[in-house]
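A, B, C, D and E are the chain letters, set down in written order, and residue numbers restart from 1 in every chain.
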Amino acid sequence: MSTVLEILHIARFGLAGVFLLGGGFFVLAGAIGVLRLPDFYTRLHAAGVTDTMGSTLILLGLMLIAGFTLLSVKLALVGLFLFLTSPTATHAVANAAHKAKLKPLLGTYRQTRKGDNEGGSQ
Amino acid sequence: MIFATTLMLMGAMTLMLARLLRGPELYDRVLAVNSFGTKTVLFLCVFSFLIGRPDGVDIALLYALMNFIGTIAILKFFRYRALDVALSRMPSRNTRKKAGAKS
Amino acid sequence: MNGMQFLAGHFNYIVVIILMMTGLYIVISTGNMVKKLTGLGVFQTSVFQLYITMGKVTGGRPPIVAHAPEGAEHAAANGGEHGASTADTAVRMVHDMADVPVNGVIYSNPIPHVLILTGIVVGVATLAVGLALIVRIRETYDSIEEEDVEEAEYKARKAANA
Amino acid sequence: MTMAMALGMIMPILTWAGTHAPPLVVVTPLLAGPIAVFLHKGRLAWAWALAISILTFVFVLLLMPQVIQNGHIAYYMGTWVPPLGIEYRIDSLNLLILLLVSAMGVLSLVFGLPLVENEIEESKRGQFFAAFLLCLAGLLGVTITGDAFNVFVFLEISSIATYVLVSMGAERDRRAYVAAFNYLVMGTIGATFFVIGVGLLYMASGTLNMADIAMHIHGHSDNRVVRAAFAFIVIGLGLKMAMFPLHTWLPSAYARAPSMVGVFLASTATKVAFYAMVRFIFSVFTPGSPFEGAVFDLVLAPMAVAAMIICSVQALYQINIRRLLAYSSIAQLGYMLLGLSMGSIAGVAAGLLHLFNHALMKGALFMGVGKASLRQGVTNVQDLRGLGKTMPLTAASFTVAGLSLIGVPLTAGFVSKYYLVVAALERGWWWAVAALIVSSVLAIFYIGKMLETMYLHEPPKITKSKKTAPQAPAKTSLLALGPLMLMAAANIYFFFDASLPKGLADAAAKALLGGGAS
Amino acid sequence: MNADFITPLDAFTIIDLILMLMLLIVGLAIVRLNDIFAIVMLAGVYSLVSALWFVSLDAVDVAFTEAAVGAGISTVLMLGAMLLSSRTALPAKPVRKWASFFIVLATGAALMYAVTDMPSFGDPLSAPNAYVGLEYLKRSLPDTEIPNVVSSVLASYRGYDTLGETSVILTAGLGVMLILGMGGKINGQLKKKAIDYDNADAQAHHTVLRVVSKMMIPLIVLYGFYVQFHGDFGPGGGFQAGVIIASAVILYALIFGVDAAKAAVPPLVVRIGAALGVLIYGGTGIAGLILGSNYLDYNVLDPHSAPHGQELGIMSIEIGVLITVCSVMLVIFYGFTSRQPDITDKDW
């Protein structure tokens, strides 16, 4: 029985390492994407997607290291807040840019709905 | 391992900084600031593990909120040129009553 | 203490001084009032960084003392005067601090943190009053550039004399 | 019997108040400020502010016997021993300034009612008096504290309150906002330089208590950190006290402020910053060391002389009266700085005496202008014409204060200038004496210009069309006349019996230079 | 000043170096850019990165405040003020550039001159770290039973400084009230609406934003109170909690409009709160006075055990600070959003 616990114990740190590095990789990829992509909307896409993925992976990794302590609860709370706010913020940025008639590089700028002069809600 | 992640996050933050400085469009800058904030939150969590003190996570939690509020303020500022207009109307009591009466 | 060790020891101060001077430069050189206040913010924040780098102790931890004082006796009478004049308390303190910091754990110096908490709040208070003034200046002169304001004043004075 | 019982009841309160007077001097106005925010009805807020400032003055008077008796008082906040806690240390130097600031607070409040009712709209008077009380608390806090960082905190309270009070003048003159903004930027740069200085001192000594710092850096006056700290504190406080090259914010700030604020600030704000510089230079740093000596002779003395001459010349060309008086304030500050830079007991005593007398002169002059503006809407020098006939008493007091500014014998100004000359000759600074004389001659010109328009010109015909200032009700204008006459009388009284200010100034100078940080 | 301490270089110095590099980049960028919006954003980033640096320098409380106040509230305030002004600053005139460059060079030289005698970084035997600082670390626990030495020094040993600081905030709140007023009439007539809110766009229901912030706001207020009462054990205290709770109300105002926020937290309550906090703080001090000891002495608050008295005193002043800071931040926000001159497109 104790060997299973030991294996789990060692595996825990190994798994945490994998999560952390994976998360780090995603965040770095997103950052490079934001820098190199030509147009606002593509950058937004790069930042939004990788942020959420990267943050979940990194926070999971840290929670594995922290184990069942108050610290993990705080990390979970940070994860929850990031999970709630960062997509919302990205949505809000996209909405505002769209309303400010920012033209995407490819494709045409089209109102979301016929006859709605300012572009309506979602 | 944690140290490697910290370095990666710092690299990502510097890239975001580059986008913030170069960003031709205004909204590129908004995007850069917002994602710089999220990456700082992650950096704070990982860094507080690196130095072995649990307090950095509190600050990360705080800045996750502040970053959201800042971005909403920026967007409202550019979208409506006013901070005090209601972004979305809460259905006031009489509309709810009307809706209630109708359904 | 050769050049490299000196540099390693004092590099923080040099960077903080450069940041301070950048902040001061922004405040003095710009004519735009909002940029002036931002420069003031940068200047004050870098002064706070000078204070905090002073207080860091190598290998120290944030000054949150662990609850159980393992055995280190505390001669402090609770809260009352020591009776000793400030002169020899200073000598006693410097003497016995070298060996065992607080119950075996090294902590960073808490005083700069206390001072800077006050400094940050004072900085925000000044920023708020400055921005309120900018709002009113903008309403009266329709611009927040010092040149436009001086121009408007010059015209008003000329009109008054004419 | 009731007398004994009453006395029995009062005595414990008096002794309790006596021992706890140091914090109460600052805390009463500090806590009265927030209460004043709610008193909307105009006169109620004014009455509350007046009562509080009189109470503060009483607390300062309670301090006097203790300081004169045993040299200095030390009061530990929260009973923590000094290097740990904050300590209030009062000796004859800050007692003199405390007396001055609280007395001017009471006088400007008594004087200010008609002016406030004339210039500040009804809804904002409660908050105006709250800001005034907080400014008073801040100035008293800077004067009384013995802790280096505490000086910065209370300096900020008084500065922010002053920026707000100056910007309140915008109802009368729209340029008040710009003046307040420039004052804010220059003041914050000054305060931040001061914080850098205190930080460097802390880096060199390890404590924040002034007496403790002095003890720790006594031997290290060649240490570069201590020298840099000295330079930054002198520049920071120089900005706050409008020392010559850093004075550009003061004229427009005092000219645009509401007249009651002008009266209070002209006689106290820069004086408190000057006190802080004297306290730091003489109590914390060692005045004897070569570096400080060099700074005295090469920096402070030339700045003082430059201030005396250049600002007096600028005062000549001013049209707006308050700007003229503001420039002459900077010139008079040059006198005090000259006294300080001599570094001798006689010099510092003369500088402090001039500080006391200047508060009387400038307070009376600003009151005179405020009183006249009630009747005739005075902003420029020409508006003063015919004041001799229309308001004889105000004109008389204004003349007495003007003569005292010039330093004509029979007035207090002469006394302090005389001691300054004596101290300068003792130091062998003949060029300082020459500057004193030139500056006094220039003062004769710009004061003479005002007196001449007052007495020799015809009063403006009060034509219906010209929008004259609303006639202040007779009762309050009498109320305003009282302090003005009192100040003018003080200008004369302190010529004959200068024992009180002179005694305190000499005791302060001896305490500073004689025993160092005794 | 013992000169023989050599600062060891380890893994953390690399992180410090990168943070310093970022600070320098942001500082120089603020100097060169003239687009005010970018400057405001860079100022927020600057104080955020310096908050990170404070964390690595073991100043956790300061990092907390700097992140909450410097990066959060200042950005919203700057936006509030910037809203009413043009978007690009005029470049500085060359003569002024050179003049300020020389002034800055002189001040910098004075500071560099002093660097040589400064104790090296992290030296435990340097004057500041070996004298009163260490005495606080030793005495704080037995005296006040509060682990977070910064909170105990802030509130009890140097409590008078914090009273001064709370009065600074009150003065600033008072100033903004006097200069801008808190809404309602501007010289007689109700505020002109910059945009008539009835057009189709304003009816847009940002359901996503509304739902998310409805979930977030109670959590933020709860977190604020956690920070307030957790202040004795970890980073936190009256200031940070006040700012967090104020930012929760500001978020509510941003989403549901300032009028809804004014209905929830009326300006009168906010004005009373600003004054009340300072009175609570001063009152605790006077309580010590009345119970026979010096001003701001908490030992006498509980006759049985002095440390408990200290805890009681520190708790009550932190609450006073919380009320004042929260109310003043709202006073300032109401003040900025109450002024609403219409912005011509020229500026936009």
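The rule is short, and it goes like this: a residue touches a chain if its C-beta (ideal position, glycine included) is under 8 Å from a C-beta of that chain, and two chains touch if they have at least 3 such contacts.
Just so you know, these numbers come straight off a predicted model, no measurement behind them.
**Student:** If you take the chains that touch chain A and keep only those that also touch chain D, what is left?
**Tutor:** A chain counts here if it touches both chain A and chain D, which gives E.
**Student:** Keeping to the contact definition above, tell me which chains border both chain B and chain E.
**Tutor:** Neighbours common to chain B and chain E are A, C.
**Student:** Name the chain pair with more contacting C-beta pairs, choosing from A-B and D-E.
**Tutor:** Result: the pair with more contacts is D-E.
**Student:** Averaging over Cα atoms per chain, report the distance between chain D and chain E in Å.
**Tutor:** The mean C-alpha positions of chain D and chain E differ by 31 Å.
**Student:** Which integer distance in Å separates the CA centroid of chain C from that of chain E?
**Tutor:** 13
**Student:** Could you please state the distance in Å, as a whole number, between where the Cα atoms of chain B are centred and where those of chain C are centred?
**Tutor:** The answer is 27 Å.
**Student:** Can you tell me which residues of chain C touch two or more of the remaining chains?
**Tutor:** If we look for residues of chain C contacting two or more partner chains, we find 20, 24, 37, 54, 61-62, 64, 79, 90, 111-112, 115, 118, 122, 125-126, 129, 133-134, 136.
**Student:** I need the residues of chain E touching at least two other chains; which ones are they?
**Tutor:** Touching at least two other chains: 42, 58, 60, 80, 82, 111, 116, 118-119, 126, 128-133, 135-136, 139, 158, 161, 164-165, 168, 171-172, 175, 179, 204-207, 209, 216, 234-235, 297, 299, 336.
**Student:** Could you say which residues in chain D touch two or more other chains, in rising order?
**Tutor:** Residues 76, 79-80, 83, 149, 153, 156, 160, 163-164, 167, 196, 202-203, 208, 216 of chain D each touch two or more of the other chains.
**Student:** Please list, in label order, each pair of chains that touches.
**Tutor:** A-B, A-E, B-C, B-E, C-D, C-E, D-E
**Student:** Which bits of chain E are touching chain B when the two form their complex?
**Tutor:** Contacts found on chain E: 11-12, 14-15, 18, 21-22, 25-26, 29, 33, 37-38, 41-42, 44-45, 48-49, 51-52, 55-56, 58, 60, 63-64, 67-68, 71-72, 75-76, 79-80, 82-83, 194-195, 197, 202-207, 209-210, 213, 216, 220, 223, 227, 234-236, 240, 244, 247, 250-251, 253-260, 336-338, 340, 343, 348.
**Student:** Inside the complex, what are the residues of chain B that reach chain E?
**Tutor:** Residue positions touching the partner: 3, 6-7, 10, 13-14, 17, 20-21, 26, 29-30, 33, 36-37, 40, 43-44, 47-48, 51, 53-56, 58-59, 61-63, 65-66, 68-70, 72-74, 76-77, 80-90.
**Student:** Can you name the residues of chain D that touch chain E in the complex?
**Tutor:** 20, 23-24, 27, 30-31, 33-35, 37-38, 75-80, 83-86, 124, 127-128, 130-131, 134, 137-138, 141, 147, 149-150, 153-154, 156-157, 160-161, 163-164, 167-168, 196, 200, 202-208, 216, 223-225, 227-229, 231-232
**Student:** Name, in rising order, each residue of chain C that touches chain E in their complex.
**Tutor:** My answer: residues 1, 5-6, 8-15, 17-26, 28-32, 34-35, 37-39, 41-42, 45-46, 48-49, 52-67, 69, 74, 76, 78-79, 90, 93-94, 97-98, 101-102, 106-118, 120-129, 131-136, 138-139, 143-145, 147.
**Student:** Write out the stretch or stretches of chain E touching chain D in their complex.
**Tutor:** It comes out as residues 1, 110-111, 113-114, 116-119, 126-133, 135-136, 139, 156-161, 163-165, 167-168, 170-172, 174-175, 177-179, 271-272, 274-276, 278-279, 282-283, 285-286, 288-289, 293-299.
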